[in-house]
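What follows is a pair of complexes built around chain A, which joins chain B in one and chain C in the other.
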Partner chain A sequence: MVPYMIKPFTILATKDEPNFGTLVSYTISDRAYVDQEDYKGIQTSILTSGLLIPLGEDIDTYLLNYLIRSEWIKL
Partner chain B sequence: MNYLSVETSEGLVKYYLAGTEKFKEITAIVESKYNNLGSTKWELLSEPTYNSILEDQVVTAIYKSSSPYLDHLDPIKVSRKYLLNKQHIYEKVYTLLTDIPSEFELPENSKALAKGYLLNIYGQPGDEDYSNYIDIYFSCTNHANVEAFAEKKLTVGSYSNYYCITFNGTTKERLKVKNYCFDTQNSLSNWDEYWTAECEDRNIDIST
Partner chain C sequence: MTTYGFLATNGNSQVLISSKTKNLHFLGKAKYAYAVQATNNYGGIRRFVYRINCITTPVPFFTTPTSESYAILRMTLVGADTWEIEIIKSGYSDVKPEVYVFTEANGQITPNTSYGMKVLNETSGVTYDSRLRPLIVKAGGSISQPYDPIPGAPPPGALDSSECKTNASPYLIPTATSSSSIAGVASLVKPIVNYQSISQAQKQFTVIMPSRTGFFVVQNYLRTSSYWVFCRGGVSIAQSGSTLNVTSGWVAVDYSCNWTYKKESTFLGIGVGGSSRTGGTWPFENQSINMNPVSFIVSDGALYD
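And now, the complex of A and B:
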């Protein structure tokens, strides 16, 4: 990641887990316009969770790919 | 009228509202180049057009709402630039202006409305830094003043006209003039009202 990039997620904390990797606590938000029967307007969804990053993996890259696969990050 | 016309040095570009046939056609073009697109969030989509700064055919998607990771920049609008050949993506942030920035020269009788600049978002393909290109969006009570600046005739919208000048942020050199012309009143044609609403949302006193 180059220095001038903005990350679409925030890492809240990391904890080394010997022999397993790094436990990462992170948060990501998404905002969308919804048009439903009971609500029409902007809706913000927030995910705060944890993920074990395997030994040897880059934390940002692994978490990014995980969030893309889980469709929290779209192009 | 379900489109917005923008006259640039590269030609006339039309932007189409979500739900129109043209919007769906252009979405299909972008989808043919990228996977995992969030196209349901787009409000307005430009035709593919050559962009001399990004040096590619570009589709601009203007979002219905901005992503939370940009909140610290206080955007009034956000768009994404899809570079169709390079398959890169850059985010564009538009922020409110209440004074003409002293470092950039605008035509006489102009009122600065917004500033736009490109950002790199981690995870979006493409890592060129375009943040030195600054767009200043403005209105002007004298169309001829803008034409003199652009050194060419610009189309006159019979309802309203708004403008943008792209500057090099370092040299302050003018690189491009864009002319947003509207022949009829529609949801896109009243930038001054939109600007006033954004100022009021932020409790900015615009009475003077």
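And now, the complex of A and C:
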């Protein structure tokens, strides 16, 4: 697992899905500089969705790697 | 105790023919009627409707001409004895599966020879007639879809939070699959499968963008868009040697987006009013249901061509 002192995401809820794993509802934000016609500056974007964590996987590690692959967490 | 009847079993004591159960016989091929939906968005969606006349409930089997996912979505009695059979399919191919329909004999199928074996039950109903091309089961089993239909998430900035402005199709393609195989299956010239779409999945990505303008009079904006897709389970089958490979996946059948817009104003930190707007439809969130393994039966369409 990538060492993070503070989790860069928030788990909103979890639900056991028998035979499959744990369904996790999560949210994560990203800040980026934008230069648009109506706004110029730092812009915050927030993503909320769900992800199934397979049986036997650590929830935090799996979700972290998923969000790294999805570019919401930059190394 | 019954002192009459007929029972044929195989070496594993599995029933092949019985006067106590009604065997399925080939009624004919259902004819393609129209397409409910045909789009290349969301990984491709095809919903083909076929029709056939049948006085009892039809049992359809279909070919899987491509490696995409197929399933029976519905069977509806639309006339006195006219049934519609809707087959869903993922992917971009317009190749239509062939639909073979089986049903109980019941006098609606005419034999073309007077020689053969006919089994009657105690009410003289036909349970088996060798002249009517009975269904020959070549393989069977059950399979589940992978829980999560979409393995990735859209990167930051991919989806617009403002009033569902993005075409989310590239980010909501149900590509997840799972596979199983059945060994020792005799060679099939044209595999056909009976598989009902039971499992359902909804996946959504909600993007939110808060923003603020002004100094003495500050205006706070909150724009939210929830992009979603609704999927049904499907399968594809292919034979390799004596192994039958069964792949289960998802077919998108519906999609949309829900958005909200909120605006609040403050003057020197004191609220001076706000407004909000909303539109679209409410989804339910990121769940898959009816996920128990779904049964499938495989036969050979070439026996009935």
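Here is the rule we go by: the second predicted complex is superposed on the first by the 69 of 75 C-alpha atoms of A that agree within 3 Å, B and C clash if a C-alpha of one lies under 4 Å from a C-alpha of the other, contacts with A are read in each partner's own complex, and residues count from 1 in each chain.
Keep this in mind: contacts are C-beta pairs under 8 Å (C-beta built on N, C-alpha and C of every residue); 3 or more make two chains touch, one makes a residue touch a chain.
Please read all numbers here as calculations on a predicted model, not as lab measurements.
J.: In the superposed model on chain A, is it clash or fit for chain B and chain C?
T.: fit
J.: Can A:Q36 be said to touch chain B (first), chain C (second), both, or neither?
T.: In the superposition, A:Q36 touches no partner, neither chain B nor chain C.
J.: Classify the contacts of A:L47 with the two partner chains as first (chain B alone), second (chain C alone), both, or neither.
T.: second
J.: Can you report the vertex angle at chain A, computed from the C-alpha centres of the three chains with chain B and chain C as the arms, to the nearest 10 degrees?
T.: 160
J.: Regarding the shared-chain residue A:E71, is it in contact with chain B (first), chain C (second), both, or neither?
T.: Once the two structures are laid over each other on A, A:E71 reaches both partners.
J.: Between chain B (first) and chain C (second), which, if any, makes contact with A:K7: first, second, both or neither?
T.: After superposing on A, A:K7 lies in contact with chain B but is clear of chain C.
J.: Output check: A:D60 vs chain B and chain C. Expected answer is one of first, second, both, neither. What do you get?
T.: First partner only.
J.: Can you work out, in whole Å, how close the C-alpha atoms of chain B and chain C get once everything is superposed?
T.: Closest C-alpha pair between chain B and chain C: 10 Å.
J.: Common interface residues of chain A with chain B and chain C?
T.: 30, 32, 44, 67, 71
J.: Spell out the residues on chain A that touch chain B in their complex, using ranges where they run on.
T.: For this pair, the touching residues of chain A are 1-2, 4-9, 29-33, 42, 44, 60, 64, 67-68, 71, 73-75.
J.: For the complex, which residues does chain C have touching chain A?
T.: Those residues of chain C that touch chain A are 147-148, 152-157, 161, 203-211, 213, 285-288, 291.
J.: Give every residue of chain A touching chain C within the complex, in rising order.
T.: Touch residues, chain A against chain C: 17, 19-21, 23, 25, 30, 32, 39, 43-52, 66-67, 69-72.
J.: Please output the residues of chain B touching chain A within their complex, sorted ascending.
T.: Answer in residue numbers: 34-38, 40-41, 43, 64-70, 89, 91, 119-125, 127, 129, 131.
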